[in-house]
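Provided herewith is a single structure, encoded as structure tokens, for subsequent inquiry.
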Amino acid sequence: MLRKNPTLRHVLGRAGWYFVTFLVAVAVNFFLPRLGDANPIDAIMARGGAMDSVSAREKEDAYLREFGLAQTDSNGKVVRSADGKPVKTGLASQFVNYVEMSLSGDLGTSILQYPKPVMDIILDAIPWTICLQLPTIILGWLFGNLLGALAAYKRGVFDRVLYPLALLASAIPAFCVGILLVYGLGIKHQWFPAVGGYDPSTTPELSGAFLSSAAYHYVMPFLSIFLIVVGGQSIGMRSMVIYELGTDYVKYAKLLGMKESKILLYTFRNAMLPQLTGLALAIGAMVGGALITEIIFSYPGLGMAILTAIQGNDYPVITGCTLLLSITVLVANFSVDVLLGLLDPRIRAAQAAEAN
Amino acid sequence: MELVKGLFKIPSFLFGLALFLGTLGLAFFGPLLWHIDVVSRVGDPYMAPGAGHWLGTDHLGVDMVSMLITGLRASLYVGFLAGVVATVVGTLIGVYGGYKGGLLDDILTVATNLFLVIPTLIVLILLSSSMEKGRSLTLIALIIGCTTWTWSARAVRAQSASLRARDHVALARINGYSTIEIVLEQILPYLLSYVFMVFILQTATAILTEATISMLGLGPYDSISLGKILNDARTNEALIGGKWWAFIPAMVLVTVIAFSLYVINTAMEGVFNPRLRK
Amino acid sequence: MTEHLKFEATHISRVFGHGKKAVTAVDDVSFAIKDREIISLVGQSGCGKTVLAKMLLRLEQPTRGELLFNGKPITATGDPRNHWRQVQAVFQDPFSCFNQFFTIRNQLKASFRLFEKKPSPAEIEERVDQALLAVNIKPREIDGKFPFELSGGQMQRMLLARIFILKPQVLIADEPTSMVDACSRASILDYLMKLKEELSMTIVFVTHDIGLAYYVSDSIYIMHKGKIVEQGPPDDVTQRPQSDVTKRLLEDIPDVHREWIPREAAVAAAR
Amino acid sequence: RKHKTPGPASSSGGANPAITTAFPRNETLYVGGRQWGEPSSFNPLAGWQDWPVNDMNLIYETLLMYDPLAGKLVPLLGESYTVTDDSVDVAINAAAKWSDGQPLTADDVKYTFDLGKQFKSLLMSPLWTGGYITDVKLGEPRHVVFVLDSKKKNALPVLDACVEIRIVPKHVIEPMLKAANNNIDDFLKQKFDKDPIGSGPYKLLAYSGEKIVTVRDDNYWGNKVFFGGKLPAPKYVTHPIYKSNENFSVGLMQGNVDVSSSFMPRIQEKKVVKAWYDKEPYFVPTSIPMLWPEILHAPLDDVHLRRAMAFAINYKDIRDLAVSGYSDPLESGLVLPTGLEQKFFSADDAKQYGASRYDLDAAKAELKAGGYTAVFKDGELVETHDKAGKKLPTLYIKSPSGWTDWESIVRIVVKGMRAAGIDVRERFIEANVFWGDLYSGNFDLIMFTPTPQPEPSKPWSRFDYVLNSSEWAPQGEKRYKNMGRFNNPKAPGYVARIDELLDQIPRIKDEAELIKAYRELNVLYMKNQPTIPLVYRPNQFYEFTEQHWKGFPTAANPYLPPQMPGERLGTRILWHLTPVGGS
Amino acid sequence: MTAPALPVQAPVPGPAPKPAAGKVVLEVEDLRVHYLTRFGAKIQAVDGVTFSLKQGEILGIAGESGCGKTTLVSGCMGLYIPPLYHTSGDVRIDGQSIVGMTPEQNRKEVLGRKIAMIPQGALNSLNPTRKIKDMATDMILSHDESADKKTINDRLRERFSRIGLDAQKVLNSYPVELPAGTKQRCVIGISTLLNPKVVVADEPTSALDVSTQKSVIRLLFELMNQEIISSMLFITHELPLLRHVSSSIAVMYAGEFVEYGSTEQVIFDGRQPYSRALMGSMLSTEPGQKSRKPVAIEGAPPKLDKPIPGCRFAERCPVAQPDCRSTDQVLRVVGGRQVRCKYADTDLVKQVGGTV
């Protein structure tokens, strides 16, 4: 069956590569935050308040053992070097342990929010991030493509006004748009709430009060992401459409006397296909963007969870979140890969040739 | 050559260039025209713009114009350094990978995907927070450069692969050129304008990225950059207090640099990329 | 006998890919090319001409069989430049044969890299001039010129000038005329003849136009699906074709003197 | 070898009790500035309690409360107390009961404090491990007796504990601990987030990453005892969780937060936001952020250098710029020149021995006295040489990154010191790294505020925190007091008098003598300059708006101290508030 | 340089002569067309061309690369796609002028219906992401909105079978899936769907090998035989091909016709040095021809961005006279065909090239 179906073969081949990438990503995600020699236990210890050094050490030992961060002797006591520092567990064995646990669906326990499981942290945060980012990115992508295509097709005023605006939009750092919105609409005019995901007088549930307050709080974060996505996407789409408009097949179609609308459809469709990759990338950059939006609007979500975790060297949370991210990005890219293969016969042909 | 001459006939290019040279000029010659002092307190915190201090003061009573010029220099420095690193590394690897194919190419592909998978911003935060010795401007630039080179590499690789099959490459081979010579003499020149555009984009991206991570409070410790100014303004509630001079000018500067670079890039793309010629 | 043979191929094949996907581009081919001979490789698109030519050029390796040059096997190891000093090529697309970023002259001078003993700069200039004159181009005319400032025909002549500089024993010409228009084609053929006569060169001429092959060659090899189906002197092959492939090739080229498309199929045209 | 991190710990399953109540604005008080991250545990024994537990008297209560304005202890669970040379005896209010209706007894109190004896890491354990008490006994009915260590005879830490330690229900905790095999670490994983049993006026209602909601317990025992049956005004006290200071500021300004203890620069510009005073310093300064040099190594072992540093700092700039003027002018020494401590302060001593004033000449003189020379180029400091002519390493001042007021302070400090010729630089580090570095002495200089809480033991406990030389731990090991490791008893130059005074002061009854002892200790401190105080700060910023609730205490109406409603004595504010308007 | 004397041979007649229907379908009158480069330079690629095409006639246009053949036929379509612009002159189809038409009118009434293009490089002329069937359907629907799916399908199937393709398979394929020859046939099929009067074939075979070329030409003939198309403009620089295909030939040089007459006249008895030189470069596999040397024309065609005084070919003409460079040449009738050479009727021209 594989031989007969180059597309399927290609998909499987790609899946293989993505899997390799995933494995490397898991390793990188695991090792990167552990590069520094900060001791994450210090963060928990600091919150425990003052104690004498003997009990401090006992306490520390308990945590070190629990998180598997230090080597222990046969009695289960933490091994310490001459200067009193605990001897760290080899990263390799930590990694093996981590992989085993992850495979069983256990992402460990947060250090900073001890004893909250990492899974709970992620599950609490992710709906907000997804609800804010995904529709915004997709809408922005659609709208941006539409604008870009229009600018390319109409040229003239459209192009001369819209295009520089789009360029400008993509040149403004993401957080600036957010800040300006907060400042202008949130504080100066108070048209929209400046912070939070919903009014504190409501509780997340399926009630009119909550939903309308959530929608009201949604507007500014939405705008801050939307504008930038639209800017970026429309620029890309414009070049693509201009390119398509200059191709031989468009010229031929014109000489055949085909209707403008048909020709436009041709170019839009063909220009849209490569833009799908842009969509995957934007979805991949989702969490990075979330970080900023969430800080500026004090919006709940994963970005903030990651930032807090990073600042607090909360290894399990960092690794858990990045694992999740990696999966999202890979799945997004992989889907686009497959989708493009299905939608674009050129790519399908190339895949078939590659399979040879 | 005709193309380059043509470039200078394109209004948008000239506009972008003028804008960019303007900011560059401000960074270089600003200190000649304005007494730069980012240490001394010259007045009250958040003094509104006025005669002595055209853009007022920051939360520590330091002259904003001095801060902005210093920050602009830092941002440009980060941008260029990161742009150069990302472009040079990315281009060499991209060109070589595209020309040679094979294992190197596969590794490059995985590396590229890897950087897609681990969002740059996160790598940046992770790396910079695990740097014990503190985050200097140079370190941040290097990190940005090192995490974004794959982007250049990917872009260049595709171009390079398409050149591989060209006859002049085959001709160079039977002229006895070595692989390196082929890459440098037969492939790279074709990509130069492209690489230059990549460099411009990388620089703009680096400037934006630096501003972003500084904004998150993860910027350099010991230097003033535009992002740092913005972060200071935010954390010291310039925003809430309506002290527009503490953040609007810095925002404008960041945006103007990035915007001018984008404009230059698109104008160049229109000229050098035959696909987009009208 | 071998000293009279430039190339000698015994049952060489070139296969791309593996297993079921394998494409046999050159399929069990044997031939012997004599010194100072012009042979033509003729066949339809995709029949394996270029792959065979590349094997002679040492840019591809046969998967099976043995290929001798001057009695010695061409192998993948060792300094290929020795081979390229003796076997050189001109390619199909003159526009893509030159690097757009260097002057033609400098690119011609680059050929001297292959020389074991590099001549002095003055001598290099001198020899470039001579080579240009040999293809009837006034040296001063192309001074400081870049490839895109010349026409396709001129550029193809530059490639031939390069051969005049290198003076190899063998020239592989892979469809050197298919991208240029009819007028330029004539001059290129002229210079190929001249190369053969002045430098007593062996030439392998690749084309899909048997008419061209007829003009230039001492011997024609007809290729089909990776195999050599017929070979012989031009007059034999064109006047008394043996294989169906050859007959078709002959029939298919339009010739002013021969009926081409049967009358009944043709539309009458007004005069 | 495998390490298994525990899975979900809470046996109570889902984290969010589903409630479909909306919270009417006129029944809800929004407090802020006490919770920054996702709440993780409401366990009253844990060291990382979240908002309604930590420092709060909303759910769990302390024995006593401290009124920092009057310097008096105020009853809560403890009806009264007596301090003798040997003991502290606290009588428990007979009406006190748990929210499940069980009476709160002396047994609960003893149980609570005994936990600290058994488990060395709990908040009450320093009483035991510090050797201040030897036993907690049940005395007369409803009385608990803390037996003081016979040598130290120091009741101050016990009184502090009475206002710090929240009493837990024995009948709830004991079986749970048993179930956890008496393993405190396993026990501490219990979140106590479902109808926890406490004695306080509010109950935990719901929480999420965005807010924590408590609801009034109408059966609270104290309503009758302290307020004649009156209920606290807000039905709900809610803490929205924002991600940064300025979000709380916006919340305050826009009326989404009623009272907050987050840092808000330039409060005078925010018209609706009020503080304790209506002019500078706005807040009541009770703590002293300071720079801690690491004393063990050259060059910071040299008092000349430390004093030069102190002289080189522009304290006025710090006050004006970094802390928005929320501070009285800094005086030398560890005694606050205002409020209750004023009586121990001597302006003459400060003038004579102190170095906490901006005086570049004095700084240079000290440097000269220490044999240091500074190398300047183009007006910029290049490096500093010691008396042997060797280049000193650059000294770094560590401070948590993102703590903006501290960042500003450090910047001003660095600026001044470099101008004086001392080669220092700022180094902002991640907060978690900060704690580790602080306690294990891994720094050149570090920013830190010792014991900021208002407590009956002040200023003794501040001196003790800064100068304590017992429980000596070498650099690299954690030490929770005197992190700069000053006055090592085993090292040359040990000033035994400091430790003597620290030991004696808690026992001194006579005020004149006490003043004398404090002055002597303070002079010793100033002479040795083991730390460098920078500015006075309020323990907490008490900011409120009266857009939705009114009746907050202020300097003009100081019926309660400036503390957050729900926190310590500030809890009582809740009974005095009235909603604005009627809706 | 003189051409070697050639053995005179009786010319083999071309396709069977059929009485011309006589009715003129396409008239081009003094057409001038130019390009505007991005940097503002004006390139007069077609400079005053006049000819007419009768029903049943195939006019071959020959000339070196860059002499303006493609530009001329593009100009004949009446649709000017930038950077191509109409300078002056007229194009009439069935007596109706099309250059002044609005693009929409031109599209509706002329393009594809009356005149259709078979473009140079058919490889890129088909929309890569659309099946052949869909593109052909679009073509029909563009001109006849009322057509229903089924009729269109039947028509396509019928027409594609008629041009010798496996209609079922080809129609359902994407362009990339088809070999070059088939694609060229598809283009021909689509272009002629509406039975246009004039077909403009721009080097339809130069990218194909000889065998495929022959089958494509055969197809075009069949279309004419079946009266699907009635007349054709056929561009190539392969003279032997023109000898078999066209009934008359125009030789173009530097944007002008230099000789315009019947195939026999131009090929065997050229009167203009350039067209003679062109013929001199032809090859033949006829016995004995091997010893004959094809003759090349030295030099390159002139650039067209500036007006060229005098005879445009004088620069390269082996028999150029001093006055050739100064006097502008006009087309005049010499020996029954139009020639643009002052010495057309002298023996001077006979020294050039030569007939085969």
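A few comments on the model shown:
The letters A, B, C, D and E name the chains in turn, as written, and every chain counts its residues from 1.
Throughout what follows, a contact is a pair of C-beta atoms (placed from the backbone, for glycine too) under 8 Å apart; a residue touches a chain by one contact, two chains touch by 3 or more.
Please read these numbers as outputs of a predicted model, since none were measured by experiment.
Think of each touching pair as a link: the shortest run of links from chain B to chain C has 1 of them. With steps allowed only between chains in touch, the distance from chain A over to chain E comes to 1.
Counting C-beta pairs in contact across B-D and across B-E gives the higher total for B-D. Chain centres here are Cα means. That of chain C falls 89 Å from that of chain D. Chain centres here are Cα means. That of chain B falls 52 Å from that of chain E.
For the pair chain A and chain B, the distance between mean C-alpha positions equals 22 Å.
Separation between the centroids of chain C and chain E, computed from CA atoms only, is 30 Å. Residues of chain A found to touch two or more other chains are 38, 182, 187, 295, 311, 313.
Residues of chain B in contact with two or more other chains: 129, 234, 239-240, 277-278. Residues of chain D found to touch two or more other chains are 244, 250, 253, 402, 430. Residue ranges of chain E in contact with chain A, taken from their complex: 77, 79, 81, 106-108, 110-113, 116-117, 119, 121, 124-130, 135, 138-139, 141-143, 174-177, 187, 190-191.
Listing the residues of chain C that touch chain B in their complex gives 57, 59, 80-81, 84, 88-89, 91-93, 96-102, 110-111, 113-114, 159. Against chain D, the residues of chain B that register as touching in their complex are 39, 41, 44-46, 59-61, 129, 134, 217, 221-222, 232, 234-237, 239-241. Contact residues of chain B toward chain E in the complex are 2, 5-6, 9, 271, 277-278. Those residues of chain E that touch chain B in the complex are listed here as 38-40, 82-83.
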